[in-house]
Structures are given as C-alpha cells and as structure tokens.
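What follows is a set of structures for review.
Next come two complexes, and both contain chain A; in the first it sits with chain B, in the second with chain C.
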Partner chain A sequence: KANQSPLYMTQDRTEMSEDDDDQSPPSDLRSEPPCSSSSSAVDSTPNKSRNCISSSGTMTASQPFPDHVLENVLENVLQFLDSRCDRNSASLVCKSWWKVEALTRSEVFIGNCYALSPARLTQRFKRVRSLVLKGKPRFADFNLMPPDWGANFAPWVSTMAKAYPWLEKVDLKRMFVTDDDLALLAESFPGFKELILVCCEGFGTSGIALVANKCRKLKVLDLIESEVTDDEIDWISCFPEDVTSLESLAFDCVEAPINFKALEGLVGRSPFLRKLRLNRFVSLEELHRLLLGAPQLTCLGTGSFSHDNGAHQSEPEPDYAAAFRACKSVVCLSGFRELMPEYLPAIFPVCANLTSLNFSYANISPDMFKPIIHNCHKLQVFWVCILLDLCLHDSEGPVSELGLQAISEGCRNLESILYFCQRMTNAAVIAMSENCPELTVFRLCIMGRHRPDHVTGKPMDEGFGAIVKNCKKLTRLAVSGLLTDQAFRYMGEYGKLIRTLSVAFAGDSDMALRHVLEGCPRLQKLEIRDSPFGDVALRCGMHRYYNMRFVWMSACSLSKSCCKDVARAMQNLVVEVIGSDDDDDNRDYVETLYMYRSLDGPRKDAPKFVTIL
Partner chain B sequence: MDGCSRNGEISPKLLHLIPQGRRNWFHDDNTSVYNTEEKKLELKLGPPGEDEDEDGASITRHIKKEPKDKSILSLAGNHFSPSSTTNKTTSQKRTAPGPVVGWPPVRSFRKNLANGSSSKLGNESSSNGGLLKNQKCEDDNGRGKPMEPKRQQGGMFVKINMYGVPIGRKVDLNAHNSYEQLSFTVDKLFRGLLAAQRESSSSGEEEKPITGLLDGNGEYTLTYEDNEGDKMLVGDVPWHMFASSVKRLRVIKSSEISSALTYGNGKQEKMRS
Partner chain C sequence: MAYEEIINGLNLKDTELRLGLPGTEEEEQQQLQEVSCVRSNKRQFHETTDEHNLKEESSPPAKTQIVGWPPVRSNRKNNNKNVSYMKVSMDGAPYLRKIDLKMYKNYSELLKALENMFKFTIGEYSEREGYKGSGFVPTYEDKDGDWMLVGDVPWDMFSSSCQKLRIMKRSEAPPAS
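After this line comes the complex of A and B, so read on.
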C-alpha cells in the first residue's frame, strides 16, 4: 500500500485494523548515527542484514566537496521521502544521510511509547510536524491490565511543546491523556491541525473544548473509542464562530449529550467537512437534517439511528432514504448505536459505494444485514457482532456460520473482518478463505470458549488453517474456538506475512507457540491469554524478540525464573511482570508477561504492581 | 453446616446424612414431576443441617447482592478492580465484563453503551443485573427494543448435576439475573453435599466453598447443555442468551473441560434435554 494514500483511507485503516499501513519496522531511533557509537544490540530492521558501513567515516572525510553542499542536495531529495521504511533505510547509509534524514523527517511513528524516551525523539528529529504514538497493549482494553499502568502523554507533550513549535498532528492510541495535556497542546502549537485519540482515556469534554477553541487551524478532531468524561461543557459551541477548516469530526464515543443546534451550525460553516461521526445522542431526525446540509460527506457515523423520544410522530416522516441517496460520496458507514431495524433500508442507496461498514454497535442479526451486504459489492472492511442467532434460530440451525457465508459470497473484495459469534463451523471459515482472497485481517471471535465446530464436533484447526493457507496477504489474525497445536502448525507454515497474532484459550502445548515463533518471520505483535504455553516456548523465541514490538502472555504457564533468564540474556528487552499489589513476591508463577524492546531501558514510571526483571 | 452431624465415613446413601425432616428438599434425578418439588426447591436452599430459620423466602433473598466490584472479581480470581480506575471515568467504567475477565474481548466501553441502551454483550455484570437495567431503560425513554428478551412468568427450572455428587438438584433460572448469582446458588446447593461425599480425615473440617466455577480457576467448572444438545462453558455469552438456551447444567471437574465439551458435541449426538 502506498503511503501516499489520502487522509481518509489512512485513517480508516489505522482505526479498523489497528495496524500500521506499511510493513516497515519502527525506526531505529538511536541518537547516535550508525557505527559511531558503542554497538547497540537493537536490530530494528528485520529481514535485512545489517550492513553497517564501517567506511562511512572515511567516505565523508575524503569528499572533495564540502559537506554542506551534499547535505543540501540530500535534503532536497530526502524531503520527498515519505515512507517510514525507506527513511529508515536511508538513515543507515552513512553519517551524512543519517543526519539529513533526521532533519527532513517530519512524520514520526512510535509504535510503543516505552521503546524510547521523549528526549531521544527530540534530540534526533528536529523538525517533526506529525507524531503517531501508541501506548498500552491491546489486551489492556479488556481489563487484563490494572489501571494506572502508564502510557502517559504528559512527558511527550511537555517535551514537544518546547522542541516542536510547528507541530501539526498528534495521533495517539491507548495513551493516558489528561485535560492538562490537551490544554498544553492547544496552547503550544499555533499551527495545530489534527488531533486523533483512539482508545485513550483520562480526559473530558473540557479538554476537548480547549482544543476546539484554541486550535484555529484545526482540520481533524477524531475521538475514537475513547473514554471521555462528561464535564458538562458545550464543547461544540467552543469552535470558532467563523468558517472552519474542519475536514473530520468524530465524537461517536463521547457519552454526553451535545448541543444539536450548535452542531448544525458548525457543520453549516465547515465547507471542507468530509467525515462526521455522531454520537448516540443524535437522533435519526437530527441526522436527517445534518445530511441535507452536508451531502458531500464521505464517511458517516449515524449516531443512534432511532427516533427521538420527544419527536412528534404525527408529522410525515422524513424521507431518510432520500437523504442518504443525496450523499453520493459516502464510502464508509458506522454508528447505528440504537438501531431501529425498520429504518435500516434507508441506507440501501449508499450500499453500492461502501468500502467500509461497521455494524459492531448495532443489535443486528444476519437476517438483517444479509440484504444489505448483498448490495455492498465494493465492501472491504466489515465489522459485526452476532448476538442474536439464538433468538433467530430457524429450523436448520443457528445462523452464525450462514452469516459468515453470506459475507464471503457477497463481498469478494473483503480485506478486513471482525466477527463475533457464539458458534461457527470449519466449513464456513474455509469458504471465506476461498471466497475472499484479499483478506489481510481476519478476526473471528467465537465467544464460547473451547468451542469446536458445532456440526462436526472437531476443533476449528482446519478453518483457521485454510485462512492462513489461502489468504496469502494476511497480516493480522485473531483466533478462537477449540484449537489444537495443529492450528498453530498451519500458522507457522503458511502465515509468513502475519504481523499481529491474537490467541486466547487455545493450543495444547508449548509446541503450538514454537510453531509460531519459529515459522512467522514477520511477527511483530503477539498477544496470548489463557493458553498452555510455558517456559520452553518462551525460550524458543529469543531470536525474534528484538525484531518484535511486544509480546503479551497472560494466564499462561510461565515462570518468573525463565522470564528473568530472558531479561538477562536480552539487555534491550524490557520484561515486565504485571501482577497485583498483594502478590507474593516469592512465587514463581507469572500472571502476566509484557515484554518489548527499548532503547532507553526500563521506564521510570512503572507502578507498584509492575516488576521489571 | 452448623449443627450438622456428620460422620467421617462416606455413606453411599447420602440421604442418611440428612435429618429426616429435610429430605424433601432433594430432587431425585429420575423424578420428572415438578409441581410440588418445584415449590419446595424454590423455597429452600442450602446444605442439609442448616438452621431452618429462613422461612421459605425465595432464592433471590438468599443470594447476596454483592457489591458491584467484588462479586465478579472474587469469582474470577482477579485482583484488580477496574471500576476504581481513573477518577474521571467512574461513571463510565464498569466492572469486569462477565465472569471471565476480558472475555469476550469487547471493550468495556462498548458494554457501557449496552447498559445505557439496548442489550449487548456482557451487561449482566452490573449490580442491577442486566435485565433489570433494561427494564429501567425501557421505562425511561419508551424506546422499542427489537430484541428484548422475554421473561417467563413461572419458574424456569433446569436440572443440575455435580461430579462426585449422586443427587441432582434443580435451579430456577428465572430467579437469577447473572452468572454470579447462579454461581453462588450452585455453591449453596452443592457445598454441603460435596463435603459430605468427600473422605475427610478430620471431622469438623470446614466445608470448602465452591468457587471459580466460571473462570476455570476453581477445582470445578460450570457447564451446560443447550437446546441444540451442545455442551458449553457457562459464562461466555450474555445472560439472557444463556438463559433462553440452557437445558441442563453440569458441574464438572476443571481438569476434564476439554473432553467434556468435545465429547457429545455435534448434531450426530444430540442429547435429549
């Protein structure tokens, strides 16, 4: 995928797949150029042999031309280099290139906020305009990690406030952000344009109001799946009175009523607005009014998609379908927070153009979405949560697998799917693997733990095996159901492009994890819970851990002594054992292991319940 | 437990251990007559020998309404209490979703939305009980909910058996709103029976509470058979989904989970409920 993809596509992907767009590893952010410092064991460029050019020093010394000419030329060339991967490579060529690359890098991606310190960032890169920063590991979302673990934005914003006055964009994921942090941000960066907070917490509508009010050049304000406290502030009214530069406004996660009149006015004076994601406090009638005023939208979060309780029912009902029909550019649809299914047909006019459809907040059954999916020929991303198959039990049996089958037949271009259900069959999963060869993200959550194929009674090995075998572009996989080591053997054999793997309640023995650690060369993020993997398996991956962003293992069979061995053997790996305050320090059992590479050693802000080995 | 005279030997006939007047509590597996049995089961809970000062109050009265944080967490063997998170978000952060922490892997954020509006995943963990909360919502804003679970008027009794205990019991699912309540009931129903069955060298040993039924951490695990004949672990799906499909409950040894679930699953081996 080109990194030059337009803003919209990039944002959607980041949010949906939680993955980086390009395949590159995070940059080698040592503050010293290559070969000039004592060697660091960190190798952040997997699959590339490290050719440290020892002659780099002599090369520049023997240059007949002055350095600054070379650097000017390089600067003029390198400033066009956008791809992170290419930049990392360029920085390794020689000292000059390293220096110029550092000067010209304007977008920095940090996949793990503890991989380096803010100081290191600002020391190396002087002209950063955009920062993407990720904090907690994903399993923290599911209460598998105590609160106050860390990932505070504060040290980053305070360091950047001094170092990057021209900062324009901040994109945070799973970070702890306070209102003070937002206040500092709003005040420190006069040219600030984009704030994206995904799965963040710690702030409220007062912080948002400050950003809305003070960042006069704001183009993007996206609050996605974040916990936002209701400080009872009418933050929508805090936007400036005149025409805004807003292109994207997403607040579907804000659990607070909004001033609809102010919103309508804001939308009316935002001619560049393309993406609007409403929260559940916006009714269907209000949505209708907004759509009539903003037919140019490309991405829409529909809000509640149900009636306002106070609405006069006697008036002729608005023609919702007509409003949708007028929105000829909508390619991405989400919301449906309190879906009234009888109004669902209103979205039919936009189905043919949809590339992304998110029903995950909707009380929807396969019977309801099948007719819609049938028309979504261009669909690439689909999220749904099947809860109701029991209620819709028909004579042939539950419909979870029929729903998956319908999707695989209707959406041949599907690239990403997240599907929750109670039960599944291998046949349906195999069918999807054959019908949807473009899949890059396959996340199937069979909610019943250890559930086998409910028709054959066999484990789900063959289904997931078919996915890794047939979906040759697969980079992200989440498995569930009853799985034996065989499933993992398939993953190790065929999952050569997998970067992110999520495992829960699966596998029989250490061999399963071994297959993956030894067979998946691109693996970057590994999260495992409640699976019988222990020390033997952990040791099998030691050749990989420096090439990975993190490994999470909770409720497995790890011992503290083994984790200590790993920590001792790998100096640039931070090995955190996360427990609770009243844990017996002497016990050898590790409840949660979270380990990651880091250039700046163990963090200083670890809470009591974290032991860094 | 108090005043229960127990000899150290295992009696093959458990009934001998039960004082005469209490024998009608127990439901024989073979009986399929429910009427009078039901009433008695509904009213009386607890192991044999317990002081009969309860005057036939319903099951729900016996079940403590545990504080929101502690009940699920203690059952899950979990030390954290997510609701004591950042001060800012107390109104939005809920307790651990469901009996197994973090499963299904849906952000608590989404469940909060579920508690506020229509039923979604895992909202039975809130202290009000999922169904009660839904009732309240419906009163407040009068919105029709397309898939509101129907509550049955009468009791909904399912048989429950426990490994190592020859006598089965019955549980009224309608008297429960959550997995925690059910787990508590199971403990109450079988704790004494189990202790009586066990060989115990020191008489006067305390009865061990039956815990960890829902998260795999205990010695025993609660499973069920649904209307399809499939055997599954209790606790993974929303309460109302479970309640509408469960046909029979079984408490098995946690070490036998895999074999218990795979054996007998599949359409070929449908069990008659």
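After this line comes the complex of A and C, so read on.
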C-alpha cells in the first residue's frame, strides 16, 4: 500500500499535509486487551469470516502447537506489517494478536498528545523505535490561542528516556520543546537517527547544537517552520568532524546567521546528504557553491535567492542555471526567501523533474510563476501566495484566477495545492477541479473575507462544490471567500473522503455545519472560526466526536451550557473552553471550543485560561 | 512571511501623505496589533471588504485587523512583551539558559535559582571582595554594554539594566576593584 511517489517519503509531505494515510478508525489504545476474542473483533472489523485463534477455550485437545509457538510465528509475521491501520485492525483480532502486535510495533503515531498519557504508550508498546507526536491544534499558529497552552514534550521525552533507550526517531508537530528536552534526548538515545520538528517552539540553537554534537548516528535534522531562538551559537560547527551519516538537513526557519564555511565543510563530508534546506542567511552565491559540491541533492531549499549585500560586483556572475542543471535529481524546491526575480530563470533546468514547488515565502506574482509552471509537468505539490492583486490598469484585469488556471492546465498530476490570493472566480476553481483529478489537498485562501466571485458577484459555492464533486480523492479541504450553506451541502454530499476541513468566515446557519457532520463519514479534524454555527449544529455531531481527532470552533455562536451538555454526554471527550475574560463566569458565550477524545481523562497541565468542562 | 506588511495595510505607504518621523507608524501598528491579538477576539461578521479597510487609515487598526487572518504563521516573539527573557550562560556549560528576571524579587532568590539551574554554588558576597568560596563569579552586561559584578548595585537598578548574565570561571574574571 506504500505510495509509489518518492515525494511521499520526504518530510515535505509531513509538513504540508496533515493527512496520515490512516484509512480506518483509530485503534483504541487500551492497556488491557479485549477480554473476549470474538465480540469486539466482530464489532470493529468488517471481516467477520476471519478465523481467530483465541486463548479463551475454543481450542481443541488435539491442537498441534502450544500457544507460545503460535505467538512466535505471529511475531515473525506481524513484524512485516508496516501500515498503521493494518496494525490497528490486527490488534483487535484477539488477545494474542493484540499482545504480539504490541510487541512488534516499532513506529507509533499519536495524532493528539493529549489523547493519552506517556505512561499508557510505554505500557502497551515495548519496542518503539520511532514516535510521531502532534500537539497544538493548527489554529494556534495564527494567534487564536494564548501561548503556553500546553503540548509539552517534556513528559514524553522523560518517560521514553527510561522505556526506549533504543529510540531512533522523533517527529514532532506543534509541540513545545525546550533545550532541556533536547539535551535529554541527545543523552538518552545512543542510536538516535532522526529529529524532525515541525511548527515547534520553546528551544534555541543551543539545543540544536547539542543534538548535532551528541547524536553521532544522526541522519535527519529537520527544523521546519519552527521558532528557534538565536542563542548565538555556531551550531553548524557542532557536528562531529568526521564523515557524517546526514541524509537530510533543514534549517530554513532558523532566523540566525550561520557559519557558511562550516556548512560547506559539513556538506562536503556528508556523502549521503540528499535534502538540504537553507535559511535566508545563505546568499545566492553561497548557494551556488553548495550546489557545485552537492549535485546529488533531491530536495533543496534555496535560502534567500538574492545577493549578499556586500557582493563583489566585479566578478563575472556565476552561472546559476548551470549549477541547477547539474542537480539532476532535484525533485523538490523551496526557499526563495528574498527572491530576486531576475534570477528565477536559473531554476528552469530542474522544472521538468519537479514534483514539489513551494513559493509561499516568495514575493511572486502569477506572471512570474506561469512560465515556470508551464514546464513542471510532473508537479504534484504547489504552494504560493499572491500578494498584490490590485492592478493599477483595469484593462489588464486581476490575475489570481489566471494563475490558478495556468497551474491547472500545466500540472495535470497536481495532488496538493496551497494558494493564497486576494480574489478568485468560480470558473477558475471549477477548471482546476476538472483538470486536476488527482487532487487530495485543496487549500484556497481568498484573503479578502466574504469575497464573492469577483467577475459574477456570486458566492464561491459552485467552485468549491465542483472541487468536492470532481476530485474524488480529496481528503483535505480549506475553504474561503463568500460561502452560503449550499457550499456545505455540496461538501456533505460529495466529500466522502474528507478528513480535514478548515472553515473561516463562511456559511449562513447551523445547517451548513450539520451537512458536514452528517455527510462526511471520514472527517477527523474540523477547524472552524468566525462562522455562524451554534448549539444546534454542535449537537448534530455527537455521533461523530469519538471518531474524530478534534473539533475546533472559535468565534462561532456556541453557548457554554450546550458545551457542558456535550461534555456530560461524552465522558471520554475532553471539552476545553479557551480564552475570553474568565472573571465573567456568568457569560454563557464560548469564545473558543477545542474538544478531543482522550483515554486518560482531562489533562493536568491546563493553564488558567483553559476551562475543561 | 513576506506579505505581512501588505496585509497590515502598509502597501499604500508610498502614496500616502503623512506627518511624523519615518518608522513611527509601523511601531504604532505593531502595538495596536498586539492589543488586538491579546484582547480583541471579537469577530466582525459584516465587515466591509478588506480593500476598503486598507484605504481607511483613519479608523483604528484594532477594529480592521482581524486576529490570525490571513492564516499564516507569524513570528510570535513580538507578542510576548510581558515576559522578558534573559540569556544566562555559564563558562563550561554546554548551552545557554533563559530566565525571566521578573520572577525574582532580590539577589538571593536569583542566585539560588542560578545555583539550581547550573548545579553549582556561588559563594559569599561581600562588597569589598566580591564572591568568595567558589570557582564561579556571576556577572552581567548592563545597558551600556559593560560587564559588572552581580550584586554591586541595588536590585531594582540591576533588574532594569541587566541585558544578559554570564557566570564566569573565577580564573577568567578580572580581580575585584
């Protein structure tokens, strides 16, 4: 079932899409196995004809092999099971399968760090080598929640330090990680190989320096969209002096100058390096030098893509296009942090092979990216933000929708798009839905709130409706612009595979949310802000909330009493009410609701501004 | 991200006539944005379009700037103005630490916290001889960039001028004057 595209294996997938390839309801991480072999298995698994060897007495006296031999066989077989959802299903077959599956699961995925305690993890799974852990809800990124909400890595790392000394990989998203945590990690896991921190904060370059220095088998150090304090440490120089095992180094989010000479040396002694993402303190000239020394790269973050301020103007300009041409394996391109547009054509030689292109940090217009897109026939992932859409000359007309049109015509294999713009038309969105049937992620952010189709003046209902209808593989959707309940009716009717839905400033009434809660059976993550959905809508989803990872609703029309009712009715749901003046307890209005299922009850580290109902 | 400036309505700066020193407006916008981030979570459903708002320089930005919109990760550092983190380094220690000076009321509390943090003892302070009885000397950099001995000035003066702390090895520290 592994995805054939090489892109799937890169960290970019982790960063860009929250889709986790989990097609089944998540497993119940109970520490006690189901006591009856048949009943729970039958309830949860569709395959009722599966024959299960139970340990509770259906075995006959003439049974050839004792239990432990069968378990050994099972262990040898289950070892090869990689897929998370297959493992979840296997664990529900019977007690013995549950036990063996727990022994053989080496990669654990936890989509919400508050769904269970670290102790529960280590009690059930004894041989974990890799942990993926996610913390804060995504809307926390946009200051919709006060800082210090939680999602601390500390209790996890301290528990794992004792339980999993052979731990090799930690992949965190939206967690609060301190330098102390990184220090403990660097000290506790001698075989540590991969550290991936996506949208994390709480640490600085000193913690990174420790990891670089002490984790001698490090293959992956990826800092992606994280906030990293500048502790004025030359962390690049902290890597060991001999040949490294580095395969991936990403530090584009580190807002601090780096020692370029040390970086050049590091790249030079890292023969396995395939992915390198530079920060904006690396100039175009420096990039050029690195590329000459590392033509084997598959994934490149270009850094500033502009001149040094003190650049020598007298030298003949390096042949940037030649350097890119030499990088025959580049399939993933990002960076362009301070893009000088006149140098953009240098990337033409790699366009034909590109599967992922991220322009979201670039000050770029459709006129600039259209000629590039035109050559990117293999493109699967595209991110861009179009700043200025206000043309001074009306005759030229706005360009955002033309940009989208160009992408849909040039990139028929597109799977994932993130597109920010000021305005859009239904026609362009419909065209994309028809030209790009492989779309799994469609995130369109029309920055003007409540903006209708700027040509017809109509709501954007038909455009998004076409997306859910025509893109049959769609699992993630983010909507914007002027949307009525009709758009949500389409989502409920056609969006059968949608797992993640982001809604802002949309809809007319509770019916909209109701359509989605009743119509989208695979919905896992729902985040809504500033939309007129209230108690009636919330109650419509009660049959779904245990099967979802979380629901976020802020600045909607929810009342505290209704949220209390939900909390009372669903004991394993943690219902957090966040923010708003807490001296005003009488106020029934809920500013922010964040609710999620949990096996270990409400968390004990909630800050003052969080009320758990 | 590159386009925060635009979103904050500053793209019309070039064509706008204003009085005042350059840079002041940005600061004001920033402050007001912080205010709106911290306090005003009130959503406005029936806003006029953003285009219109961009031109309305006269209306208070707190109203027209919606928290967290457009949905891009912004640098959160600017929002934490109520906390002042101070870098603390110690000679020989592998990495820097950060403390919030506001958490301490006097020198003994601060020094005790440092001792706990770095697992060492500071020794006895005397005005004449500085710190005796340990291999370490706590120093700090003040607003003027000078390195001073912790404890020489009254606490309030210290806490308002201290920029960063460094716990020096006695061998490195200059003799007490």
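Here is the rule we use: the second predicted complex is superposed on the first by the 561 of 613 C-alpha atoms of A that agree within 3 Å, B and C clash if a C-alpha of one lies under 4 Å from a C-alpha of the other, contacts with A are read in each partner's own complex, and residues count from 1 in each chain.
Quick note on the criterion: a residue touches a chain if its C-beta (ideal position, glycine included) is under 8 Å from a C-beta of that chain, and two chains touch if they have at least 3 such contacts.
Since the model is a prediction, treat every value here as computed from it, not as a measurement.
The superposition on chain A brings chain B into a clash with chain C. Contacts of A:363 after superposition: both chain B and chain C are touched.
Touch criterion met: A:457 reaches chain B, while chain C stays clear of it.
Applying the stated contact rule after C-alpha superposition, one finds that A:306 touches chain B and leaves chain C untouched.
When the two structures are aligned on the shared chain, A:562 is found in touch with neither chain B nor chain C. When both complexes are overlaid on chain A, the residue A:210 reaches chain C alone and has no touch with chain B.
Looking at the superposition, the partner that touches the larger set of chain A residues, chain B or chain C, turns out to be B. In the superposed model, A:449 lies in contact with both chain B and chain C.
In the superposition on chain A, A:143 makes contact with both chain B and chain C.
Of the two partner chains, neither chain B nor chain C is touched by A:506.
Looking at the shared chain after the overlay, A:197 reaches neither chain B nor chain C. Clashing C-alpha atoms between chain B and chain C appear in just one of the listed stretches 27-35, 99-107, 135-143 or 261-269, and that stretch is 99-107. Common to the chain B-facing and chain C-facing surfaces of chain A are residues 139, 141-144, 147, 199, 201, 204, 225, 227, 229, 255, 337, 360-361, 363, 385, 387-388, 390, 420, 422, 445, 447-451, 502, 504-505, 529-530, 579-580.
Looking at the complex, you find that chain A touches chain C at residues 139, 141-144, 147, 179, 183, 199, 201, 204, 206-207, 209-210, 225, 227, 229, 231-233, 255, 337, 360-363, 385, 387-388, 390, 420, 422, 445, 447-451, 502, 504-505, 529-530, 532, 554-555, 579-580, 591-592. If you check the complex, the residues on chain B that touch chain A are 79-80, 82, 84-86, 88-89, 91-93, 96-97, 100-110, 112-113, 116-121, 141-147, 149, 216, 227-228, 230, 232-233, 236-238, 241, 244-245, 257-258, 261-262, 264-269. Contacts from chain A toward chain B in the complex involve residues 139, 141-144, 146-148, 176, 199, 201-204, 225-227, 229-230, 253, 255, 280, 304, 306-307, 309, 337-341, 360-361, 363, 365, 385, 387-388, 390-391, 393, 397-398, 420, 422-423, 445, 447-457, 459, 482, 502, 504-505, 529-530, 579-583. The residues of chain C lying in touch with chain A in their complex are 1-3, 6-7, 11, 37, 41-43, 45, 47, 49-51, 66-77, 79-80, 87, 94-98.
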